[in-house]
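One chain, chain A, links the two complexes that follow: it is found with chain B in the first and with chain C in the second.
And now, the complex of A and B:
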């Protein structure tokens, strides 16, 4: 039951992120997702000390470190809202609802070799990845694109959690480290973009062609 | 010894970040590249033992990629020392637009170069699909600051595109890795681990549907990093805006590294009997890459972008060679080496041209033979080599792939391949030969060779090696390449 509740929450926060223009709300949603993802492996039922330690590390990176880094970047920028995305917020919400239906349909037809602990995890993981990619494509601001990248990676991470074959702990940690360095480098790049252009809208980055 | 190979560049990078002395940093860069190269050469005579339950080990394909990487880095390292010494440290006026910019601090630049070497080495030695993924992402992150060496808006745009597109691509490959894990979990029994050797060994019990999905996702993901069209869009921007020495490393070494990820997955697919399925996908992407490159190379106005699109083309050729299988794999592996050497040399020479002419427009460069005769000669030789002209090694490798394609009766693939090669040749020849001839514009002075000896020796050696590979391939090296072909069912 716990997992189902978590999945419902995840779906709802994904919809929030599709419909909000406030960047700080997006970052809070990232933190929230990080907590749920960190608990998920433990909530799935297997309880061993290695898993708990990894959960604590995952939560502190995904739910504390990433959001605080993004908030710090945001405070340097003096921007609060994404004003003109390529697709409006109402429309995004509608597309999001369609994507929920689609991801449940896809996951019903996927021939998983071993049944996961809860049938809700797979569709929500597909939906989360979709939301991440959708943000990267339809938003103009560099910061929102980084947020989209993180959500995309969260969705993929969820898919990894339901696998019967766990990745070795070392690999999981290395993947986390990579994501950390990625956010770090992207944060610095955004800072330079804002200093160079006085904004962080990537549709203005269009000098280089053919 | 294997760990030393990763840690020498890593530690040298950390040291160069904290050191305040410029000469010490140059020494560290030189020392790390020389010692890395020496150890790599030693591995050819004394094969190292695998570590950590075979997670870190050196197999043949890894050894090939590692050697190419190490050799190119040796050349690029010394070129970089000469480049950094000549680069001004104050504000610089841009030659394309009316803007002023500064460079990234040298300490960070050298540190990232060494970290890039460490991560590429790590990738070549990784035998576990999880580690391979981690290493490929690391190469992206360590090379992004290098593209942003000249701090102006164009390089920033290139860096951002590179970071975003490659990160998303590699995230897709992570999903592919998970699919591979699903394919490897066979229900009741203990699942097969994601070690490359284990997966190949137990390939017959893998779930075929999921393996197919895994290959598609990994091909798209790592294909983004390798520069296969239509996921190549970051490549021309990054290669044209980065300093030339970095372009040569990205093009010559890093693209191969991404290819290694695809190669290992392909190896699992062939062992599971999916060689036709995976091969056709590789051929399709390869042909699209060659087509896109040919379209953009003709009438290209920027010579560094031209070289970048040529990288897309050659990665396409390598993919086609691997996809055709059998004898073509030999050509593909040989082509990997030839392309890396030639392209790295060409980018280094392009850096010399840029330093003298201060323009990237092909129309504004004339009379190279009168201004920089040695570089002009290398440029001409490199262009002939990159277009697959005999007696260079690229001719042998491209011809091997063509011959294998015809022998297998894939006439459409071979025909398209040949036509696209000819189009690229015409595009290159008309643009580049014009650059060397004629007389230079006023104000461009002849540069004494002595001043920049380090900037012509590395590309000269690379071109010479390609020439040697075209005239004569040592039988031991031939056997080595045949050994790689056997990994994917070739001969």
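And now, the complex of A and C:
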């Protein structure tokens, strides 16, 4: 029951990200998502010391480190809102709704060798990955795309949590480290881009090539 | 459960529904630090309006006169379908969900026609907004009721709410919460409550429901006020019926709890109205869309099993 509520919160939180233009809200939502994801392995009931340490690391990286880095970048940028995404916010919500239904359908037809603790975990992880990819595709701000990358990573992380015994912790930690380095580098890059060009809109950056 | 006891439910609705508006006003007054209207103000208003004469504009036709009458009669009919406290309503049959929702649509249709019939541009504006927003709330309401109908496997409003026992409630709490969230948003929208519409304002540019009945007077207006009070009661009763499970002590305790819950819903509406400001008109569709999302999630969770 606890896991089901966590999954519901994750779904709603993803929908909030799809429908908000405020960058600081997006970052707070990432932090919230990180807390839920960090608790998830413990909430599934496999209680051992290794897992607890791992979830503490996950929470501190996903819920504290990433958001604070992004918030710091945001405070240097003088931008508060995503102005014109390629797809509007109402339409994004509608597409998100379609994605929910699709991911539940996919997970119903996806045979797993181990049964997850709650049947809601798999579809929500697919939906989270979808939201991450969708943000990367449809938003123009580089910062929102970094957020999309993080959400995508969260989705994959959830998929890994379903199979706790099958996946070595070392791999998860390595992924976490990779994500950390990526966000670190991207945060610095965004800051430099905005200092050079006074904006961080990626569609305008692509015109620089010619 | 025999007929003579079941008839208590609509009678309670008729007697108590104007009280809900009084409770909402009192709650809002409390939050604003005022003393507020008497609790029974709506009854006094109704009494006063019934004794007044009616003024019809020369430009109006029979539709304007028929509007309030159809409004009241349809809402009285709906009241007979609404169960209070997990017992059967006076009338019920398979598929009466659809009848109830389309009776609401009928009321809306005639309210809009009556508003358009006056030829006033303000009323036309209100009518267009009402049409737009209700077109958005209807799918949400349908999906929410479909979700709970799927969950219980029943197709009649009475039987659905009878099936919401504490056992069902515990097993399907996520569905119940989603449906309840949808219903509260639909309640606020359909009854022209604050995030969508402000019932107290008479600023024509922003209001929806009030502006459509500007030209009604006397007993006609009394009909409209009473019908909207009943509508609030009906939605509150649905909300309470879904959210509060059957405790299993029989008819009378359940009925008492449900009536209490309905009164509490009006307090909650008053608190919501005190806490948040009205949304920009452009954002209202987003607000209603949230209800649709909750309803779809409820259906997803039902169909998972």
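The working rule: the second predicted complex is superposed on the first by the 203 of 210 C-alpha atoms of A that agree within 3 Å, B and C clash if a C-alpha of one lies under 4 Å from a C-alpha of the other, contacts with A are read in each partner's own complex, and residues count from 1 in each chain.
Please note the rule applied: a residue touches a chain if its C-beta (ideal position, glycine included) is under 8 Å from a C-beta of that chain, and two chains touch if they have at least 3 such contacts.
Keep in mind that what you see is a predicted model, and the values were worked out from it rather than measured.
With both structures placed on the common chain, the touch criterion links A:101 to chain C but leaves chain B unconnected.
Look at A:112: by the touch rule set out above, it reaches chain B but stays clear of chain C.
In the superposition on chain A, A:15 makes contact with chain C only, not with chain B. When the two complexes are superposed, the chain touching more residues of chain A, out of chain B and chain C, is B. In the superposition on chain A, A:156 makes contact with chain B only, while chain C stays out of contact range. Contact residues on chain B toward chain A in their complex (touch as defined above): 128, 130-131, 133-134, 137-138, 141, 144-145, 148, 151-154, 156-161, 163-164, 167-168, 171, 174-175, 178, 181-182, 184-187, 191, 194, 207, 209-210, 236-237, 240-241, 296, 300, 305.
The residues of chain A lying in touch with chain C in their complex are 1, 4-5, 8, 11, 15, 19, 89-90, 93-94, 97, 100-101, 104, 108, 119-120.
By the touch criterion stated above, chain C contacts chain A in their complex at residues 173-174, 285-286, 289, 292-293, 296-297, 300-301, 303-304.
Across the interface of their complex, chain B is touched by residues 111-114, 129, 133, 136, 142, 145, 149, 152-153, 156, 159-160, 163-165, 167-168, 171, 174-175, 177-178, 181-182, 185-186, 189, 192-193, 196-197, 202, 205-208, 210 of chain A.
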